[in-house]
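There are two complexes below, and they share chain A, which is joined by chain B in the first and by chain C in the second.
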Partner chain A sequence: MTLLRQYLRAILSARKLLITTFLLCFGLMIYLPFLMIAFRSVGKGWFGRLWLPPELTLEWYRWAIEVTNIVDITKNTLIIAVLAVTMATLVGIPSGWAFGRRKIPGKELLMSMILLPRMIPPIAYALGVAQVFYRLHLINTHFGVALAHVAVCAPYAILVLSATFEGLDERVLEAASVCGANPVRTFFHVILPLILPGILSSMIFTFTTSYNEFTLTLMTYGKDTTTLPVRTYLAIGEGYWEVTSAMSIILVIPSIIVLFMIQRQVAPEKLVGGFKGV
Partner chain B sequence: MSEQMIELRNVTKRYGDLLANDNITLRIRRGELMTLLGPSGCGKTTALRCITGHNIPDEGEVWIDGQNVTEVPTHRRELGMVFQNFALFPHMTVFDNVGFPLMIRREDKAKRQERVMEALRMIRMEKYASHYPRQLSGGQQQRVGLARALVYQPKVLLLDEPLSNLDAKLREEMRFEIRDLIDRLGITAVYVTHDQAEALALSDRVAVMNAGRLEQLGTPDEIYDYPRSRFVADFIGLSDFIVGTISAVHAEKKTAVITANGLDISVPATPEMSPGREALLFIRPNNVDLLPASHAGGTNVFPGVVDKTTYLGDRNDYRIAVGKDLELRVQTDGKVRFKVGDNVQVHLPLPLCRVILE
Partner chain C sequence: MLKRGSKARSALFTLLMLLPGLAGFFGLFFYPMMVTVVRSFRPEGELVGWTGEHYVKFLSEPRARDVIVLTFVLSISATLCSILFSVVLCLVLRRKPRGHRFFRLTMLIPRVVPGLIGALGLLLLLGSRGWVNLFLIQFIPLVEEPIRFNYTIPGLILFYTWLYFPFTAVTTLSTLESLDPAIEEAADVAGANRWQVLRHVVIPLIMPGILAGSVLTFMAAFGAFSIPLIAGGNYRPLSVEIYKQINFTPARWSAASARAMIMAALQVAFLTFYMRILRRPSA
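For the complex of A and B:
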């Protein structure tokens, strides 16, 4: 009996060890490259052979800012992202409303078609986008690059917003009208507070999508509309590993801020509201 | 001040080909609790939505408190409503939910505070003022819904299956709580339900609906004891139906005889009865007496054999084979017991036999 128990315990602890090891490896796989870049961006004379860089410096960041004109590039990136978010939201609200609240024949097929740009590799149609944009003189304009981004941003917006609007309970709106609220006051006191978290999370998702977008930008950018991901890529080609690392870190910071915003501000349960027994 | 609080005048509402309300005329008196009862799809919710203004009737008029409100939008009808799924505002606290109608009416803050707390005391929820709906149980949410509907003293309280989403025990408790609240406030109320027990227990009057039409309107005991159609008799309570032909009418004794399944059953006579006419006799299973075979016969006493028994705790439920191919359902209290195969006598008390002529 005791032997069996010991045996079982051994298996159990072995399992625990296995899980811990697996999680550790998984964590390393994800974060090690990131750590390498972080070290390289602040290290001098570090070639990855030592545990830590022998000398710490912020010089590479200074280089990154001065040599690559990172302020203008960040400005470009943000202008394009804001334009893309605005357009995607303007497209997403009415389409999301229709998808979420109306009966549309062939809804599934339509939704798949809208999601298609997210499913096929951007490079496959980026070429087509570039050709059309050259004719329309949209290459190297903020609007043009943003418009290309909308192709991948809008599906997100429509998906998130249609789920938000679908969760908006018709009975709750009827309750507001019975309580004496006219359509305008129902909108401001009931509809807007209920859909705002959804709109915000859609905007955050589309923002990060546009901010991180590389392939479509590469095919539509010009010297006045270089974005951070593209500039970082170009820096790799220029061969300054340390400066490129510093740029990568700069590139990552806004994404991390957004991640915290999502965690703090947009609690998922606020999206759907708390109904019981429905 | 008219005596009628709500009137539906010849209201017809279609959804495409479906006739949801077929020429409904209904008058609801001031201070009365009227139940719209019927199976799902009978049009009771459609009728309610015509009262709230969420539906505009295709034909006919809706009057509330002496005014034709057929075209008046919902938010100007001064109603209170309780919903099946509670329909509380999920982003507002209990206090703000209950205070919403007052906020919309631009009541000042102090007065609003006072009336909301008063309403919350009424439903014993004052401790939960700062909770959100998702933190409350179903029963608590529905009480908040009730407080929100009543806080600004509306002309009419509408309840759309308010207890359907609650468990059986709570449903019964809330039933009394709602009735009690409505009595105290003396408000006119329209209650929509498919639960006949709820309708009988709560209502001053019941309107039974079927397939878009008003089947019968009456007090709960009228509806239960004197249903005017097979549908009403079948829908409300249990019934034994016997289809037969009137074979004789004894005007002097005020009785008639219906022959069915080889039995001659005496029933109370009505002026419309004439020999040869088809008639539907029905009786409630708990009104049928079950006697031992040794018992002396009499009017409406027929021999039978116990076919099936079911023990229901406070009652016994029997299926008795009587006459030619007739099976009667009989419910008795638990005192006398019969076994399957026992020979018994079935007594259908003459005054409790009801006849529907169709």
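For the complex of A and C:
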């Protein structure tokens, strides 16, 4: 009997070990690429079969800042992201309200239509966007690139915001009007505080989307509107792995900070969701 | 009369509120898409005339079949790998092992950082001087030479899985967590062992969640562009093939558009097929 119990316990602990190993491998698989980039970006003379770079240097960061003009590029990226977030939110609030609070004939159909840009490969309509923008002289302007980003950001904002508006409790609004608040007052004092978290999360998600967007930027960027992802791509093409690594670290840090910052406020799982009931 | 007036006004108001969304959809998606459609039927470099030659020319190339097959092989195998990996991961995370909050966040990392950076990191990690090969050479007795992962099809599938599994994992996890524990307890009481509970109760119940998530993974993998562009080497799926056409001087917009239309049509066709499987009541 004791033998059996010991045997069972051994299996149980082996299970635990297995689970721990699995999680460890998973963590390593996700984080090691970044660690490798980080070491590459500060290493010097790292050739052959060495586990770690023999010499450390910040030279590649200096290169990244001086040669690839990363300050201007970061500025471009941020301007474009802010423009795209603003536009997507301005589109998302009214449409989200209509989808969330109103009875619309054919709502399902309309919603899946709005979500269509997320189902067609981006490169397919990026081609059209590029041609239209060439005609309208929107190529190589911050506004133009941001507008192209709105094509992918707006469906997302509409989806998140319509869920927010849908979750608004009718009784709270009634209570406000019973207490004598006029619609304007109701909006600013009751509705806005309630939907603010939704707006915030929509803004965060559209920001990340725009910050990371590559395909549409590649089709609409120019000399003056190069963004960080595009510059990284060009740097990879140029073949300077060390400088590219330094740039990547600069590019990746804000995303990770944002992720760890927002994890308590909004469910970050929503970042990858996006379709209800497909 | 008054009531009908206010009703009409309210409908008008709703329409007005929908307008920005619709304008965005038609201006930024539908119209460009139509431009692509029209362009794909124009003779190269001209803005008038109609021709179907770009479709015929591309589809009659023997390489076209390879490109299309490659695109499907990559995206479908990445989807399958993601499903397998996600199910195991979610079953583990569900038991709330130590640090499960951290691993939940870790799961999202590939979706939060730009895909290019992930691909760059994987290229470095799996390269001939990367840590994976160093590890294999030092600790696995049979491996003497570095194994080539980068620029091979298995390597690409690994890259795709790394980048796109979170879609599947997140939906699987949320479905798994909304599962009523009473159902499993019932199966347990009825005398099923752990494996039977998993096989006959848990997996069938979370299947809709898994499939819904895997649709997202498939779509992302099918349309993947930045990853095969930098990590594909000689393997060029449709998206890179399209981009190559406009990188010629002069740019071959019509040829690119025709390929884009073929790609979009294939994706929509496959998704329709997939949705049909999805909607089928599970036996």
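As a working rule, the second predicted complex is superposed on the first by the 258 of 278 C-alpha atoms of A that agree within 3 Å, B and C clash if a C-alpha of one lies under 4 Å from a C-alpha of the other, contacts with A are read in each partner's own complex, and residues count from 1 in each chain.
We take it that a contact is a pair of C-beta atoms (placed from the backbone, for glycine too) under 8 Å apart; a residue touches a chain by one contact, two chains touch by 3 or more.
Since the model is a prediction, treat every value here as computed from it, not as a measurement.
With the two complexes superposed on chain A, say which partner A:Val160 touches: chain B (first), chain C (second), both, or neither.
Neither partner.
Pick one for A:Met113: touches chain B only (first), chain C only (second), both, or neither.
second
Thinking of the overlay built on chain A, is A:Leu200 touched by chain B (first), by chain C (second), by both, or by neither?
neither
According to the stated criteria, A:Ile104 is in contact with first (chain B), second (chain C), both, or neither; which is it?
In the superposed model, A:Ile104 contacts chain C only, not chain B.
After superposing on the shared chain, does chain C or chain B touch more chain A residues?
Partner with more touched residues of chain A: C.
Using the superposition on chain A described above, determine whether A:Ile250 touches chain B (first), chain C (second), both, or neither.
neither
Of the partners chain B and chain C, which touch A:Pro94 in the superposed model: first, second, both, neither?
second
Go through the superposed model and pick first if A:Met36 touches only chain B, second if only chain C, both, or neither.
The second partner, chain C, only.
Looking at the overlay, does A:Asp169 come into contact with chain B only (first), chain C only (second), both, or neither?
It touches chain B, and chain C stays clear.
Check chain A for residues that touch chain B in one structure and chain C in the other, and list them.
Touching chain B and chain C on chain A: residues 269, 273-275, 277-278.
Please output the residues of chain A touching chain B within their complex, sorted ascending.
It is residues 169, 171-172, 174-182, 185, 189-190, 193-194, 269-270, 273-278 of chain A that touch chain B.
Which of the residues in chain A end up touching chain C in this complex?
So the residues of chain A in touch with chain C come to 19-20, 22-23, 26-27, 29-34, 36-37, 40, 46-49, 51, 90-92, 94-95, 97-99, 102, 104, 110, 113-114, 116-125, 127-132, 147-148, 150-151, 154-155, 158, 208, 211-212, 214-215, 218, 228-229, 232-233, 236-237, 241, 244-245, 248, 251-252, 255-256, 258-260, 263, 268-269, 271-275, 277-278.
Which residues, counting only chain C, touch chain A once they are in their complex?
14, 16-25, 28-29, 31-36, 39, 88-89, 92, 95, 97, 99, 103-118, 120-122, 124-125, 129-131, 134, 137, 162, 166-167, 170-171, 173-174, 212, 215-216, 219, 222-223, 225-226, 229-230, 238-239, 242-243, 246, 253, 256-257, 260-261, 263-264, 267-268, 271, 275, 278
Give the list of chain B residues in touch with chain A in this complex.
These residues of chain B touch chain A: 52-54, 73-81, 83-91, 100-101, 103-105, 132-138, 141, 148-149, 152, 158, 165-166.
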